[in-house]
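Following: one structure in structure tokens, then a few remarks.
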Amino acid sequence: MEDFYRELIIERYKSPHFRGELEPNDISFEDDNPACGDHIRIDVRLDENHVVTEAVFSGEGCAISLASADLLLESIIGKTIEELKETTKEDILDMLGIELGPVRLKCALLPLKVLKAGVYGVGETISSD
Amino acid sequence: MTGNSNTRFDVQQVRGDFPVLAREIRPGIPLTYLDSAATSQKPETVIQAMSTYYQENNANIHRGIHKLAEEATLAYETAREKIARFINAPAADQLIFTRNTTESINLVAYSWGRKYLSAGDRILLTEMEHHSNLIPWQLIAGELDLVLDFIPVTSEGNLDLDVYHDLLKKNPKLVALTHMSNVLGTINPLKEIIRNAKSVGAITLVDGAQSVPHFPVDIANLEVDFYAFSAHKMCGPTGIGALYGRKDLLENMPPFLGGGEMIKRVELRSFKANDIPHKFEAGTPAIAEAVGFGAAVDYLLEIGMDRIEEHEKLLTNYTLEKLLDVPDLTVLGPPAEEKGGVVAFYIKDIHAHDVAQILDGDGIAVRAGHHCAQPLHTKFNLPATTRASMYLYNTIEDIDRFIAGLQKVRDIFK
Amino acid sequence: MTGNSNTRFDVQQVRGDFPVLAREIRPGIPLTYLDSAATSQKPETVIQAMSTYYQENNANIHRGIHKLAEEATLAYETAREKIARFINAPAADQLIFTRNTTESINLVAYSWGRKYLSAGDRILLTEMEHHSNLIPWQLIAGELDLVLDFIPVTSEGNLDLDVYHDLLKKNPKLVALTHMSNVLGTINPLKEIIRNAKSVGAITLVDGAQSVPHFPVDIANLEVDFYAFSAHKMCGPTGIGALYGRKDLLENMPPFLGGGEMIKRVELRSFKANDIPHKFEAGTPAIAEAVGFGAAVDYLLEIGMDRIEEHEKLLTNYTLEKLLDVPDLTVLGPPAEEKGGVVAFYIKDIHAHDVAQILDGDGIAVRAGHHCAQPLHTKFNLPATTRASMYLYNTIEDIDRFIAGLQKVRDIFK
Amino acid sequence: MEDFYRELIIERYKSPHFRGELEPNDISFEDDNPACGDHIRIDVRLDENHVVTEAVFSGEGCAISLASADLLLESIIGKTIEELKETTKEDILDMLGIELGPVRLKCALLPLKVLKAGVYGVGETISSD
């Protein structure tokens, strides 16, 4: 089970590449995972063509959710808003490279949920089941 | 099963009573179950009692004249008597079957609360309450415009009784608190707290979800007005819990849920309520579950609650001692002497979810999160903790595996 | 167990699935169980599903990271999906687990009723309601000063739809009625009743305690707003029932019971409610019972609801025909074509209790009393009736024994 | 099981000796058995020494409860109020001469419950369990 905590996840958790806050920003959204009290905020800057130029996250969470945030943001830099909307649950799981039970799935998907909510506006959610 | 007289408590024999403990979580990896505060495992006698009920006696109760209905009614009411006796309640008809502790407390909030409380009245709770003994009061406070006060928890994890005495001066109508914290393990000095509450005329309600399963509870001695607990945490089935209530209070409370069995006489636009406890048991109750609940109480009595308490103390002491050797780890709550078998902790820079997940890899079942006590976690500025909780079937080897697992957690995050 | 395609319905094979049916009530006297409207018997697969859950997977759900907790959560939510599909509900999250039909209806009365109803509003019920679909409305009517109207029952045992149309002109906020009467056996023309209710803007609630177990029910087709039923009447365990609700209604309703699991975030004096269905499932739910409920639905589907309906029709027709030969006996309710498998009757000058008692002497289990429908009995000026009710495991021989038992009753009282 | 319905019970049910109403009376009380809708009223007349001179019942019920009423009233004629108070559940069961499950026990004891309530005043009940 240690491979559950792939080196990549621990490394990104301990030394994230995209941690921080952006003010001003074009998109900023935050949400919690009520199951564990995790809280993630994502700030995004876009250029005039709606391409992501900068993206960072802040907040608290477990290794899975924070590594997921870091990997997610890495993957969206240079993408347009429309491309970004197409990011799926599977993309996240591919990036993390691990299998997850239902509770941890919520951790892994929290950053994507936050990002999509920011893009689509409040209320949109993705199914994590 | 061991007798409860002078024989030694034989934990291996006890383990043999619980089928799930023989399970390998993954090939070659045994189950180390340290999540009994969430729900306990069930001995085969309890599982079998329910199967037998369905295979031989199943019928709806109370109104039936046929043989099965009489047997089912007797089984259901006999379970009520056993459970009432188990907590030394004055009479069986003061024990109402509910779904769980949560429903028991909501029943009091809805029925007693809405009749006897009104705008400006105060309810005194504590900062260590499980959401089950918090949200029902928030709901009714919102409806009736009541004021909620809270006995603070000290940094050591005890109730601040000085502040309690000050808060009593505001004349709360109700003092509602947990017997034992499901996070800190703190066992509250109930007898004194209840006496003080009574001296200002407050009604008392105790959340016994974590106490009744783990040590002897004597309702008559506590002189508490309402006491709530769940079968599933004490070797019994899901789907059933109980509420003890003082007789005169129960008799004067209006019904909560309406339906079959809680009535004496019904017309289209009015009804006459049944006597207690039936007044509060609307519809077909959890009959098989009552049978299982009764069997659980039989099982616990056969082992002996004193000996269960003692065994858990031993395990808790051992755990706390071993945890001292894990760097960067902080245990919540009071020292071993004042604590039940619940050990919640956090490790610096490692999230509780990650701890639980890595332990699970070695078959060790613990819980991570706020354990339905979010305000307490907020108070200690912790989003989540990891909790190991013990019961009669746990062993020193369980604890050793758990400690070894924590070392592995640290290695992974080193 | 028989497949549900073209094979014949083999009642002897079905009987083999139900352990209790092998029981001798007294030496040499088999059980003739004709009390399924009160509660059904349980097939071994359902009993075993719950035992296996306890022996292998038992844990508390939703928040747990460890293997058992994940398995238990999956088992619980899978059961929800199965049951939602069984009644063709649009989505699983519109199915709330409750204790029974009674609690389902109370949930709507407390949560929806107290938010959306106010003084002078009308609720339209029927004279054939079970107390479960009557007392909750009496309670809320008393609290909020509402008016209760009743669709009358004709002497043939049907709803008087002319009067219904008149009563709709008074613009009731809610029309709540049973799908099938547990006394008369009447199956109400729901589709039409619901359409008419909707045309005046009323919300509709249906008590499905006697329908879901006995014939195919299609929620999406009925377009009903709330639908309540119990597991224990449909081969499932006690201690669990369900409420289906229209999504937008459920989402806008305030919580009913407060506690763990129904929250998203909690502070000392406020909380944020969870999404449906969890918002309405406070505390540890009936987990093993949900597993058993799911297994019951699997079992019924394997047999086929159409074939169960057909088998019951055959038995009911046969019973009604045979009863014509018993002197001084009057059957309540509509003729065979319009009736489910429930036959309530009275015999001149012989009390229902005596009938049931003498039948019990021959191992025949029927029910005697007002069957939790006292106003209906009052209307027909009967203090009590005797009721025989059928299910998939009953046989022609059961009915023959029952008829012979009635002859004996008459001999004793001759 | 037919002996359950001893001849005595059926006979008293069909041809009760003490059925009727008394106006005026010294004691009159009525109550229901909610389990079956049975309803029994008992009227009693006393002499100056508080001895029962007349006692009758009216109402509706099953064979067990009505036979029980008839036999009970027969047994109290000539007794004083104080003696009457001492009638027990066992006395009733002895008179009926049958064994009863919990539901039928309620039927059998309803007349005694009504009588005692009349004597002691409303609210007094006897345990039937």
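Think of it as A, B, C and D in the order they're written, each chain with its own count starting at 1.
Convention: contacts are C-beta pairs under 8 Å (C-beta built on N, C-alpha and C of every residue); 3 or more make two chains touch, one makes a residue touch a chain.
Quantities reported herein were computed from a predicted structural model and do not represent experimental measurements.
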Smallest number of contact steps required from subunit A to reach subunit C: 1
Selected pair, greater C-beta contact count between B-D and C-D: C-D
Between subunit B and subunit A, distance of the C-alpha-averaged centres to the nearest whole Å: 38
Whole-Å separation of chain centres (CA-atom averages), subunit B against subunit D: 46
Separation of mean Cα positions, subunit D and subunit A [Å, integer]: 78
Residues of subunit D whose C-beta touches two or more other chains: 35, 103-104
Where subunit B touches two or more other chains, by residue: 63-65, 67, 69, 263, 265, 353, 357, 360, 368-369, 374
Subunit D - residues contacting subunit C, complex: 1-2, 4-5, 10, 14, 35-39, 60-64, 103-104, 107
Of subunit A, residues touching subunit C in the complex: 32, 34-35, 101-104, 129
Partner subunit A, residues of subunit C touching it in the complex: 62-65, 67, 69-70, 73-74, 77, 263-265, 274
Residues of subunit B touching subunit A in the complex: 350-354, 357-358, 360-362, 368-370, 374, 377, 383-384, 408, 412-413
Residue ranges of subunit C in contact with subunit B within the complex: 19-20, 23, 25-26, 31, 33, 35, 38-39, 41-42, 44, 46-48, 50-51, 54-60, 63-69, 99-103, 105-106, 109-110, 127, 130-132, 134-139, 141, 148, 150, 230, 232, 237-241, 255, 257-263, 265-271, 282-289, 353, 356-357, 359-360, 363-369, 372, 374-375, 378
